[in-house]
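Shared between the two complexes below is chain A, which pairs with chain B and chain C, respectively.
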Partner chain A sequence: MNAGRAVRALPTLLRIGVAETIAYRAEFLVWILTTTLPLVMLGLWTSVAAEAPFRQYTSADFVAYYLAALIVRNLTGSWVAWQISEEIRMGTMAMRLLRPIHPLFTLAAGHVAAIPFRSLVVLPVAVILLVSSGSSALVTEPLQLALIVPSLALAWLITFTILFALGALSFWVTKTMALLNLYFGLFSLLSGYLLPLPLLPRFIARAAEVLPFRFMLSVPVELMTRTLDRRELATLLLGQLGWAIACVALAMFLWQRGVKRFESVGG
Partner chain B sequence: MIRARDLVKHFRVHKRPPGFAAAVRSLFVRKYEVVKAVDGVTFSIERGERVGFLGPNGAGKTTTLKVLAGLLHPTSGSVEVEGHTPFRRQTELLEKITLVMGQKSQLIWDLPPSETYAMNRAVFDVPKAQFDETLRELTDLLDLAPLLDKPTRQLSLGERMKCELAAALLHRPTTLFLDEPTIGLDVAMQLAIRDFVRSYNQRHEATVLLTSHYMDDVVALCPRIIVIDRGKLIHDGDLRGLIKTMDPDKRVSFTLTAPVADDELARLGTLLARDGSRLTLRVPERAIPSVVGHLLGQLHAADLAIEDPPLEEILRVMFGRAHKLEEAS
Partner chain C sequence: MIRYLRLASVQLKISAAAAMAYRSDFLLEGVLAIAWLGLTALPLLVLFDGRATVAGWDESSALIVIAAFMALRAILEGVISPSLVDLVERIRSGAFDYVLLKPVDAQAMISASRFEPWKVFDLLGALAVTSYAFYLRGSPPAAVDIALGVVLFAAGTIAMYSLWILCAALAFWVVRLDNLTYLLGSIFDVARWPVQVFSGVWRFVFTFVIPVAVMTTFPAMALLGRIEARTAAGTIGGAVALFVISRLVWRAAIRSYTSASS
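This part shows the complex of A and B:
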């Protein structure tokens, strides 16, 4: 792929991504509702911790944690696997393959363009609640605050490329829905989406440390809600960077292999 | 320029009989069958040629087009399009080719076609001045002006097809793979698309490889046809030559102004169709002057027309022969 061409195309791709997002209003509203699981968990855990902290987590900690999780999920969530799977199944992927820019780039641009609109409804609510009820548990360290943005960007990249790779599996498996359900189950448990990782049984928490899911959600949430020393910050950010590179490579590899298998008989 | 040498494309397809028991069995033991979609096809098309690619359903036409466009890897054999190996899908090749599939859309469904055009301009890196000029040309030729800003989902099938063609040609490709570009369109729209393809071919010296179920498209557009059946090439050459070889007799249609006895008609040729007083006879080419003279002079026939046999008929005979030969061998 010609990188210069991709960069030149980016403003148009983003503009069209925005136009598409606005066109699919109902779909986005439904999507936003599917990302509100942290609010359910918030209600559950704040009542558990109402009278006394639960394993060091106070009620305010839970508020901060789940609202931060809601923000991260809204900014980094992606539906690209479903999109790819559908395009392969319907045969319209052929049209995408005939364009001289890698689909990883064109799809990523479309998804980035959608972020501000996806966040429009949930983010203001989450930020207001977070500042009003969970502010005592929020981080104030300037360096750590500044690192939240790159951490969110890396979390988005890891999530997007893993889902892109899962979507590419549709080149082999006609229907990847079961696989995506399995992925979402693992993600919910091991990323900190359902509950903070320290509350998981020890062996699961250990597994979560070496898997990519933590870097997709828990790490930026930790940056927002837990004061970390510089060494911890470096470890987490470098961990995210490493996983992002690995996931991009995996996505590109699976895509390249998958396209070779792209076989749709007839029209 | 397009070259295919001994092109083979086989698919491995999962097969199971109907019924619940078979479905359960297929969970554990899967049976596969190899479908020979394209089975050793060789042809070569020069720049600027318009070639019709014909065959019955499942003959391997779309598969061949997809291999040529780089969407499928051939099982064996070699393919070259505009000096490139298609399945590598290098930018230089993608800029020179286009594939229009009548049943697949590249237009963004909820946005007006102008947005898809803007996106194609960006991804194909078409300079603004060239884009504006091409879009103007396509808008004139295809009468797109009232359609450009309507959401694609609100366009009729024919309007959408015209917009699809424009989207596929904005980067001025020099090789066009057109797979059923007129499917589902009414006659007026078919004519418009046909005229447009011919005009584009002449203006840009573009190579056109066309598949269509409408033989009129092929007859009107393609001086040369390639016929494949069950993945094998069974004819490659001039359309008129094929018709002459397969069925050299002409079809003479006319309207009778007075009753004529059947045995008198039988002396002139084979009666193929009768619709009230309108008749069609099959007449050997060398007998045409005398038969026409007799019809007009003696029988006072009106509205007389002399035509080649319809291509559909020729192909039906051709596929029938090919199948018989295959079964015999």
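This part shows the complex of A and C:
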């Protein structure tokens, strides 16, 4: 890939991304609304914890946790896998391949352009979180707060590249939907989206510690809701960085192998 | 009527033949079904690991709700969703014209147009979970309760089908709507929990606005012999009403259909 060319094309790609988001605003909104799961879980757990704390979690802890999860999910979520598998199936991928920039880059630019719009949705949630939980269940340590942004960026990159790799599997597999459903099931469980990871049975929680899912959601959420010492912070962020590099490599590799098999259908 | 049954059976045969053509999927779907079973039940196990009962539900009775949820999801993913994805595709491409030209009711034709036969595994899984739950409880359900449970489950299925038809009807006005089924799917996920576990607003929403409670909690309560006659009657009445509404909206939508082809 020619890096200079990609950088020069970036402003245009971002503009296209913004235009696409606005053009498909109804669709965009529906995608946002599909992330209602944390709110449902919030309703469930707050009524469970209303009488007495569940394990060490109070009602306020659950509110803070799930609102933070909602924010992270909205900022980092992506539908690139569905997009790629659709383009491969319909043959429109051929057009993307004609462009002289790597699709990982063009697609990423398109999704980055949607982030400001996603932030608009996230903002009210963040305000509610601050007002309702305040300092009682949130972190106030400045260094840790500063690290939330890079942590979110890395979480976004891991999510995007894993979904990109899954989408690229459509070059081989026809049952991509079943695969994506299973992926989402695993993600919900192991990333802390469904439940805070400490609540999981021990052996699953242990597996979740090393798998990539945790670094896609739970880590930024933990940065917001749990005070961590320097060592823990370093471990978590380095873990994110490591997984980000590995996932970019995996996405590029699968793409490179898959594209050789690609035969445009119709188009 | 017989004609429609024959039509459905022909379409089922075609889908089964298509499924047989990809026999390797058999293994994949089997593995997926088992993985899903674990994933579905786990949050519930975590909840009851910390509490003996939640809102009057203990672990074994909540497992029956999970089983109802799994069975309903199997029907959703095995029959309803594939057919409606197919419908949206046809509306977009204009191929829906050919459905309208056929001398049968378009809704009946579309509703059974695609099957995913492998989803039978999930149904079997749901039966297994139900049996296990009653084994834990130590006594089998009474015959009357089984009958009422089956009736309410059918009502729940009709309610779900009607909701999806309503969404599909929207596709006639707003063409690109395939992800609306994702939205419904993510809301439907709530149905794995007994509705009483939710408090206040949520319980109202999930009972009356988006009646996921009707779909799983009430059939499970019937099976446990805990449901009041009034609730049961309300469930059946609600399902029928929803079906009638969806049918009316569908007819209105068909009338405003302007072909995308030519």
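Heads up, the rule we're going with is that the second predicted complex is superposed on the first by the 253 of 267 C-alpha atoms of A that agree within 3 Å, B and C clash if a C-alpha of one lies under 4 Å from a C-alpha of the other, contacts with A are read in each partner's own complex, and residues count from 1 in each chain.
Following the convention adopted for this analysis, contacts are C-beta pairs under 8 Å (C-beta built on N, C-alpha and C of every residue); 3 or more make two chains touch, one makes a residue touch a chain.
Just so it is clear, the structure is predicted and the values come from calculations on it, not from any experiment.
Engineer: Have a look at where A:Tyr24 lands relative to chain B and chain C in the superposition and call it first, second, both or neither.
Structural biologist: After superposing on A, A:Tyr24 lies in contact with both chain B and chain C.
Engineer: Between chain B and chain C, whom does A:Val40 touch in the aligned arrangement: first, second, both, or neither?
Structural biologist: In the superposition, A:Val40 touches chain C alone.
Engineer: Does chain B (first) or chain C (second) touch A:Leu129, or do both, or does neither?
Structural biologist: neither
Engineer: Is A:Ala60 touching anything from chain B or chain C once the two structures are fitted on A? First, second, both or neither.
Structural biologist: neither
Engineer: Per the contact definition in the header, classify A:Leu200: touching chain B only (first), chain C only (second), both, or neither.
Structural biologist: Only chain C is touched by A:Leu200; chain B is not.
Engineer: Could you say whether A:Gly185 touches chain B, chain C, both of them, or neither, answering first, second, both or neither?
Structural biologist: second
Engineer: With both complexes superposed on chain A, which partner does A:Leu237 reach: first (chain B), second (chain C), both or neither?
Structural biologist: A:Leu237 sits against neither chain B nor chain C.
Engineer: Following superposition on chain A, which residues of chain A contact chain B and also contact chain C?
Structural biologist: Overlap of chain B and chain C footprints on chain A: residues 24.
Engineer: Sort out for me which residues of chain A touch chain C in the complex.
Structural biologist: Within the complex, chain A touches chain C at residues 24, 26-27, 30-31, 33-37, 40, 43-44, 46-48, 50, 54-55, 174-175, 178, 181-182, 185-186, 188-189, 194-195, 199-201, 204.
Engineer: Help me check something: in the complex, which residues belonging to chain B touch chain A?
Structural biologist: 11, 13, 35, 37, 58, 62-63, 66, 69-73, 87, 89, 91, 94-95, 97-99, 101, 103-106, 108, 110-111, 115, 118-125, 151, 179-180
Engineer: Going by the contact rule set out above, which residues of chain C touch chain A in the complex?
Structural biologist: 22, 25, 28-29, 32, 35-36, 39, 42-43, 45-47, 49-51, 54-55, 174, 176, 179-180, 182-183, 185-187, 189-190, 193, 197-199, 201-202
Engineer: Along chain A, where are the residues that touch chain B in the complex?
Structural biologist: Residue positions touching the partner: 1-2, 5, 8-9, 11-13, 15-16, 19-20, 23-24, 91-92, 94-95, 97-101, 106, 260, 262-267.
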